[in-house]
Each structure stands twice: as C-alpha cells, then as structure tokens.
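Two complexes are shown next, each including subunit A; its partner changes from subunit B in the first to subunit C in the second.
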Partner chain A sequence: MSDSTSIKLDTVIPYTTNDPSLRAELSEIDRSIRSASIFFTASAVGWLLLGTVFALIAAYKLHEPGFAVGSEYSTFGRMRAAHLNSVALGFGNNMIFGVCLWIMARLCRAPIRHGGLLLIAGAFWNIGLTVGIAGIIKGDITSVEWLEIPRYATPLLAISYVLVGIWGVMAFRFRKGEHVYVSQWYFLAALFWFPWLYVIAQIMIIWAPAQGVVQSITNWWFAHNVLGLWLTPMALGVAYYLIPKVLGRPIYSYYLSVLGFWSLALFYNWAGVHHLIGGPVPVWLISAGIVASVMMVIPVVVVAINHHMTVVGLHREGWRSPTIRFVVFGAINYTFVSLIGSAMALRDVNLVTHFTHFTVGHAHHGAYGFFGMILFGGVYYMMPRLLQREWPSAGLIKIHFWGSALGILLMVFALQIGGWIQGLQMNNPEIAFLDIVQNTMPWLKARTVSGLLLLVAHLAFALNFFWMLLAPGKTNSKDAPTLLNVKEEGAAQ
Partner chain B sequence: MKSLPLLFLGIFFMLAFSFTGIVLTSHVQFGALEQTTETLEADENGNLVMPDGEALYPLMEGGVTLQGKEVYISMGCIYCHSQQSRRDSYGADVGRGWAQRATVPRDYISQSRVLLGTMRTGPDLVNVGGRLQGDGGREWHHKHLYNPQITSKGSNMPSFAFLYKVQAIDGAPSANAVSIPDDSPYAPPAGYEIIPTRRAEALVEYLLSLKINYSLPEAPILD
Partner chain C sequence: MPVENYLELLPIIVLGVFFFAVTAYMLYWAANRGHFSDMDAQSKVIFTEEEPEGELSDTFPSKH
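So, the complex of A and B:
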C-alpha cells in the first residue's frame, strides 16, 4: 500500500497506521506466521490444480461416457468425490488456514506463538487428506456426500484440524486492544463450528450410525453447514477485512455487521434440511429448513448493503487492485447465490431444481464464485506482505481473474439453465428418461468448456504464485505494487 | 462485542440450537422405529396391533445383497442415482413408474448406510428390483453394467466392464455368461464370452433386492 493512501487510512481505520512502532509490530506478526501461511497457501494451490484435473475428468465423462472407463479408479463416482474433497478440504481449508489465520493474528495484534507446531499440524492435515483421497480413488469411498473420505483417514483430519483451529482461538485469547473487529467474530465462530459439525457427522453416520434417515438428516445438517458455517463466515471475514483496508474507507455500518453476523449464525444452521424436500423425512423438519433458508435473506441483504455501500463510488479500484477485483466479484456473487439459494428452498422451485444439475451449478456458484474468489483476493493481498516482494506478473493476474470469472459464470449459466430444463422434463412422465439425458448434453459440454477456462486461470495463478515464491531475484527489483492498470497512479493494492 | 465469554456463548448456542432441533430431535422422534406388518388391526380394547402370522417389513439387509451394496458404495453410484420416492402429487416419481408409493422413514430402518442421494443423472433406484425382476432383470443388469449402450442407447452412464472378464469359451459356453447378441458392436470376439466377476454378481443381486413392493400402515400402496 502506498504511503499516500496510508495517511488517509490512518484516521478512519484502527488497524492501518504509519506509526513506526505499530508497523514494526505488524511486521513481527507477519513474520511469526509466515512459514505456516505460505505452506498452507502453497498446499492450497497444489490441491486446486489436482482438484481441477479430477473435475475435468468427471465433467468430460458425463457427456463422453466412453472416456477412461478401463479402470475402476477413474470411474465417475470416484473422480467426482476426489474432486469435491480436493477442492473443499484441500483448496478451501488450506486457503482458510493460510489467509484467515494470518488476518486473525493481525487483527488480534498478537504474534502467533510456536508457529513451527502450527506447521506440523498443517502437514498432518495434508497427509491425512492425501491418504483420504487416495482411499477414495482406491474404492474405500463412503458414498456419504461431503464425507467421502474413508474412516482410516478421518481421525487424522479431525485431530490436525483441531490443532490448527486452536491457534486461531489462541490468537484471539491473547489479543491486544479492546476492540474486536467483525472479521474476528466470523473467524472465531467458524473455527469453533467446523469441528463440532465434522465430529458429530462422523460419529452419527460412520462410526456409530444412527438409524435410517436420521443419517441423511445429519448428513445435510453437516454438509450444508460446511458451506454456511465454515466457508461462508471465513470468506465474509476476509471481505470485511480487505474491503476497508484496501479502499481506505471504514465499513458502512457497525450495527449492520452485528445484525448480519447473528442472523447468519441463527438461520444458516437450520437451512440444510432443504436438501431433503419431498424425501422420506417428517414434514415439520423440511418446513423448518425452508423457513430458515428464506430467512437467510436477512443476513444476505444486510451484508450486501454493508459491503456494497462501502465500495460504492470506488468501483474503479477494481480495475487497478487485484485484491479488490477478486473480493468485489466474490461479494457480488454472495448476494446472488444466496438469494437464488433461498428461492431454491421454496417447495415449488425445489420441485424443479431438486435432483438436477441446477444444484451442482448452485454449489459451484457459492463455493467458487463467492468463497474461492474472495480467498484468491486474500492471497493477492497477503503474499506481498509475507514475502516483502511483489507479484511478478500483472498479466497472469488478469488471466487468472478473467478465466475464473468467465469460467464460473459460464458454468453457473450452463448448469442452471440445463438443470432447469432437466427438472421440468423429469416432472413430466410423458418424456422418456433417455431423451432428458440427451437434452442435458449441450449444457454438460458447456460446463466442460467452463472447466477448461478455470484450468487456465488456475495455471496462471499457480505460475505466478510459485514464481513469486521461488524466484525472488526477478521480483525483488520491483519497487511498487503489482497493479492491473499501471497507468493510473496512486492506487492501493 | 468486546466480551469473549459472551461472544463464545452466543456462538455455542447458535449451533447447539440447530443440533438439538434437527439432529437430536430427529433421533428421539424417529430414531428407533421398528419393523411392522403391512396393515394393523384393532384388538378387543381398540388398540391397533400387528396381526399374527403376517410378515414384517422392511426386510433386513444381508447376505450377498449386502456385499453388492458395498460395490454400489465403492463405485459411487449414489452420485447419479437416488433411492427415494416422493408422493404422487409432488413430482413424477410415481408417474414414471419408479415406485408405487412415497417412501417413508421406516423403509430405511434396516439399512446400515442410507443412500437417499440427491441427484438423478440416472433414474431413481429405490424400487428398481420391483421394475426389473428375476432372470430377465438379472440379464438386463449385467448387459447394462457391462456397457449401458447395449440396453439404453444414449445413456451417459459409464461402462463397468472392469467388473467382467472376457475369456475364451472352453467347450460349452458358461451358464453365467452375459448374453450379448453376436451382431452387437459390444459383443466379444468370436470364441470368447463375458463372465461377471463376483463383485458384478453381488451388485446385481443388490439391485434386484431394492424393492418397495409392500405397504406400511403409514404408507399403503394404493390401487
């Protein structure tokens, strides 16, 4: 961040300062978590590439069913599960550990203690995940959605997770200063919620299975809350930190932040049962899930007002700052994907979208278009501060952004239009099932194209990331932030 | 919000609320259902009881069908096939002939792992054993698993040919060989036959066992 903007920030944001002693403190905090954050982020980039490859294989197989059928290891069901776990637990969780713990430490103004142990816990997380995904491909997949990893790997994951999570909570415990910023509420809550959800789901579905469809109810209470109480609060916390930080403008309303946080915590919890609408579960449960899903409009609109009103008038920053471009794209998608999600929970809408590719599009819209994009923005902001050097190539950042943005939009449109048609036709018993399958083909092919765009984006990101990490000589010489449009002076990163 | 304990209590009770409401309450309300007869009758006191001598449903899972379910799980079939039927007025599950009635919680009580599924890239399978039965059904499933194009032209289901062996015919053709017509593009070379492995046999027995061909007091099959 250039000095001119820092002076302006000084007066409006408590965590931005030119005071040399405070800057030294921030630098000390950054140093305390540097190796752990870089390790997590680098692992995330690796899992992202691997997960994208699994995704492309699965996507291609859905319209070319003769592709790669020689071995059971590459059959669709296993590739799909390998993809989901690579990107959700490999990319998503490592990004969270890398970026959110760093922001947490900075906001708490407390250096991370024993960063080396954090690194070891993180290494075990990635070992557990590697064993788990290898197990899925080998055939030990559980076929429980979002919990596919075989039971010999999950205890390692749970323990490593708890160890990593404890560092976040400890940073909060030993924080300096009175003020607790909104991002810290989200991080603290999510760090606590995730292990509870994960352990209960593991016990009630895998280790000591509950009877009958109680398993399914626990499954969707867990799976939807992975999005709602883990990925979502983490990404919102990052957005709440980065938007005012980069733009030099305080969050629009503190009171809306409080309302947004507690209404999300209350309603998202209950929303997951909408995955079982029409299914063999009591109607009162479904209705409770639908009510909660619709009530999610409150936190979504509140957060939308808070984020977009903070950015309003400064949208031009998106043409210069990589961070803002990714974060604002993600924040806009949060608004859209959440409102679509609330609508999908209505019985009349769900009748069409349930059991179709529409839901797959929705999941990617949320997990990638919202969560993934905001965390990318976080990495673009964090890495120069951890490494004390700049991103090597603005061009690669542009390729990453446009590949990701166009890719995810194409995917959402293709799957949701195709899925809607699929749903309407499935509800008409006069239309033969194989005709419906054929009618989804153009949309599934478009989805594969969108996956190729994402692959290009991820390769550009990985190239830029490892270039920055491993070849400092080429980037040390830069004396200004890497911006997307260098002609405009005075921009923030 | 400056107080850590207060913030933490709030965070704790939010999840405790949904955990109690959704998970624990379900467990208490219908986490211990038992098998029952298809209909109940009133005894001399007017209480509904199960008539003597009638079979209990749903059936227990076990034997080779349970081995087949392991194959179903390990291949990830759930990602394209659901196992649930919605009521006739909501969706076309009954209209398509996938099942004769909606499934209810009691239908799943004997299953060690419940595979409701959320996706229908392929058709629902909760009653596939009612649609395809006996030797005809067995033969159809083997052909379909070996290569779905044989029975369902234009399907996007992958082939599970790796669950089958192609072997030279030794004397007379084997009794369990998959019967693919010689003029089919998927037929084995002359003098060879396609034999299901033990896993393929088990998977097909599992599919044949998936039946909602019984009534429950709370979910009768209506004529």
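So, the complex of A and C:
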C-alpha cells in the first residue's frame, strides 16, 4: 500500500541518479532495444498520420457524399477499412511492439538478446501491412470486419507476429530474478492470447469458412477480443508500470492488480457475442456474453480504484508530467468506456444503440481515448530514455494533449448523443428512415471537426517526435539521461 | 466447414485444449513460485537502485 511511501515532494530530484556506474545496467538494457523500439515507434507515427487522413476522408464523405467520388479507390468502404487497419494494426501494434517490449525488457532486468530479430519482425510487419492496406484500397478487401486485409498479405503479418512473440517469451525466460510484475503478466498474456484469436479467426473465417451464424460469432469473438485481450492488456500493463514509476509511489494495492488481471482473463473473451444481440444466434450464447460483459465491471472497478488511489494526493505533480497527463486521461477513460460497454451489452440498452453511431463512438472511446492515450504517454516516457535526449518542445506536447483530449471527447459525445437519438428514432416506426439519416448530419459534422482536432494533435506529435529523432544537436543540452534536471531548475510547467 | 462432421473441428478443439492447459499451468506455476504472496514486495520491483521509490521521474521539458 502506498501509505507507507514517503514521497519527496518538496525537493523534487532527478528521476535517476547521475552516478554513471549506477546507470550502467539500465542504460545497457535501454541501449539493447533502442533500435527496434525507435523503429516501431517511428512506424507507428507514420501509420497514425496516414490513418488519420483515411479517417477524415471517410468521416467527411458521411455528410458530404459527393466528396472524392471520381475514383473507386476513395469510396467510403475502402477508406474506412484502410483507416481501421492503419490505426489498429499500423499505429496500435507498432506502438505495442515499441513501448511494451521496452518496458518488458526493463522489467526483465536484462539486456535483450537477438534485437535483430525484432527489427526483422518490424520490417515484415510494416511490409505486410503496406501490402495489405494497398490491397484494401485496390479492391481486394475481404467482407469481414477487422479482417479486411486480403489473404495474400496475412502470412507476412503472421511471420512477424511469431518473431515478436518468440522474442517476448525469450526475454521473459532470460530475466534476472524471480519477480514478475503485473505489467509482465499483462504483456505475456496478450502475446499469448493474440495468436490464439488470430489463428482461429483466420481458419474459421478466411481459410476454411464456417457456415452461417458460426462465422458471425467467430467474427465478433475475434473483433471484440482484439480490443479486450490485445489492446486492453497492453495498455493496462503500460499504465501499471508508468503511473507508479513516474510518481515514485508503488501501486496502491498489488493484490487488486492481480485480481484485475485474472478476472479480465476469465470474463473478457466471452463478451464479444453481445455484438450479435437480436441476431439469429442461440439465446444461451448471447446471455453468456451479456453476463460476461457485466462481470467485466469487476476488473474495471478494480483497476479504477487502484489507479486512482495511487495518484491521489499527487495530482499537481502528475499534471506536470506529460506521461502522467496522457496515461491518467487514458486510465480514466478505461473506466468510463468499459462501464458504458457493459451497459451497452444489456438487451434493453442494446435495443437502442445497435446499428447506430453510438457503437462507433464507443469503439473510438476505447481504442483512442483509452489505449491510444496511454501509449502516447508511454512514448513520452520512453523516448528521452532511449535517446538520452530531451523532447524539443513542451508546447507541441501540450498541443498534442489538448488536441487529442478535446478531439476524442468531442467525437465520443457527438457520436454517442447523436447515436442514441438515432436509435430512439429508428425504434419509432412513424419516423421515415431518410429523416433519421438527415437528423444525424449535425453529429457527423461534429465528428469531422473532432477529426480535425485529432489531426492537429497528431501533426504536433509527429513534428516533435521526428524533431527529437533527427535533430539531436538542437535538443541535447543536458548531462543526465532523460534530462529531467528539475532539481536545479524547478518544474518546467 | 460442414458442422455435421465434428472430426473436422478436431484441430480447433486440440488448439483450444492446448491454450487452456497453458493458462491453467501458468496459474499453477505462479502460485507455486509465490507470486501471489508478499504482495507489497511485488509492487516495488519496478523501483531499483537507479530509479528508486519516492522520486518523481518525469516532467515537461525545460526551456533551452
């Protein structure tokens, strides 16, 4: 428990010692994974920008359908799928490979072996994804949501994933000491769960398609679990590492963190079928999915209590840290999005939200407001330590934070309020369908505005990132690694 | 995949059993190695000699 922790709030000192001999081991670990982590993160930034452009085109076309109609390449269906795969597999997975593997190496307390393996995996992943998304735009898209990438590109992605998975297990195998921190539990479990999901989905949907509703069930079991058993544990692992690490205070209750992990492992994989409420699916299966969705309240509340109690009393210090700003914003949104998700799985609520923009808002809330923001925080913490160089601009970090935070909140409010109204109207047989479509227009325009805010935020992030990466002479002016010489200068913010 | 012939589902069933067995073994392994005991000590493993407990370790970059 954190009560026994004494935090030196009055005399804030650098996060690390300046003694090079004490720094040696940690520096060696950081150095051993530097190339791979930077490669993955730089790739993620590139995919984020590309995915944002695809998203803006798709969002704009929803209220201006005459936009960019000259070519089949820019139709809504292809742009939407290109956006989804760019941000989920391009931005999301590259961020995971970059940040989570770095944290994994640090927690294993040993320099990584075979760092080249990760670089090869990174090359395969990005080549496979480029081929896949080009295939989607060309028209080779599959008809399965979350598995739109044509089958000729998936082997490259699979090889890459296997290499990353092997690396993760090897890092764990050769760790120093017996301790396993809760973040390692989350990372290892996710590395283990994802191939299970992906292999089954590929077999039962693409290579040897199951018939009828079984295919739909597999589809939503997979799609929902990509968020729940891949993105979620990775982001929670990052939060469980960074919040206590940055604040210098152990997690409030380690017991709760273990409880949260195992209850997530137990309940989440059942939840996906709630996407098929009302469909021709066995009722017992839907009911099991609803029960599991509601049971998810347990890990969510556990995580919320744990994170809140760790931060409590240190809000001022947290606000001064770019990492904590992003991570705490993401953690708070994890609580909200998960509780909303549990409510959406209830039949009476689903009766309104199904087939509306409410679900789209929910997906962005989880994938961006929770996962994306926590991983942004991870990059802000990781990069100075890998490059031993300061972020060049505090202003750009603030633009990124406020653009992302306001952008995603506007998007979630617009789509969920508009979606709820849309659902109520669709349940009213006296309202013509085209009138309902017309009524969504203001909300869809608000969504495009939110997308522009996110674009500004991402441009600020990319500018700061590549400035830091490519112009070291202008940004390297301190002696200590990570350059947090607040002892001498006081807090910058 | 015709569902009448359940033998065709065998690879998936075998995979399922494998993944479940690994999960169960991990739970047993963790309990056996003491990962569910002495929770306070477990929570402090992220702090080291180089990055000790009680120190803030991140803030906005200062002006150059």
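Note that in this section the second predicted complex is superposed on the first by the 454 of 493 C-alpha atoms of A that agree within 3 Å, B and C clash if a C-alpha of one lies under 4 Å from a C-alpha of the other, contacts with A are read in each partner's own complex, and residues count from 1 in each chain.
Just so we're on the same page, contacts are C-beta pairs under 8 Å (C-beta built on N, C-alpha and C of every residue); 3 or more make two chains touch, one makes a residue touch a chain.
All values reported here derive from a predicted model rather than from experimental measurement.
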Problem set entry | Which of subunit B and subunit C A:G248 touches, first, second, both or neither | second
For this session: Figure out whether A:R320 sits in contact with subunit B (first) or subunit C (second), or with both, or with neither.
Result: second
For this session: Determine, under the contact definition given at the top, whether A:E28 touches first (subunit B), second (subunit C), both, or neither.
Result: neither
Exercise. Where does A:V69 make contact in the superposed view: on subunit B (first), on subunit C (second), on both, or on neither?
Worked result: first
Exercise. Once the shared chain is lined up, is A:N269 touching subunit B (first), subunit C (second), both, or neither of them?
Worked result: first
Problem set entry | Touched partner set for A:I200, first subunit B, second subunit C, both or neither | both
Problem set entry | Contacts of A:V214 with subunit B and subunit C, given as first, second, both or neither | both
Exercise. Where on subunit A do subunit B and subunit C both make contact?
Worked result: 178-180, 192, 196, 200, 204, 209-211, 214, 258, 262, 265
Seminar exercise, completed: The answer for subunit A against subunit C in the complex is residues 1, 5-8, 12-17, 22-23, 25-26, 107, 109, 177-182, 192, 196, 199-200, 203-204, 208-211, 214, 241, 244-251, 253-255, 257-258, 262, 265, 317, 320-324, 380-381, 390-394, 397, 475, 477, 482-486, 489, 491-493
Exercise. Can you list the subunit A residues touching subunit B in their complex?
Worked result: 61-63, 65-66, 69-72, 75-78, 80-81, 139-145, 172-173, 178-180, 185, 188-189, 192-193, 196-197, 200, 204-205, 209-218, 221, 225, 229, 258, 262, 265-266, 269-270, 272-273, 275-276, 278-282, 285, 288-289, 347, 351, 354-357, 359-360, 426-429, 433-434, 437-438, 441, 444
For this session: Report the residues of subunit C in contact with subunit A in the complex, numbered from low to high.
Result: 1-3, 11-12, 15, 19, 22-23, 27, 30, 33-36, 39-40, 42-64
Seminar exercise, completed: Note: in the complex, subunit B contacts subunit A through residues 1-2, 4, 7-8, 10-12, 14-15, 17-19, 21-23, 26-27, 29-33, 72-80, 82, 84, 86-87, 90-92, 95-97, 102-109, 111-116, 118-123, 148, 152-163
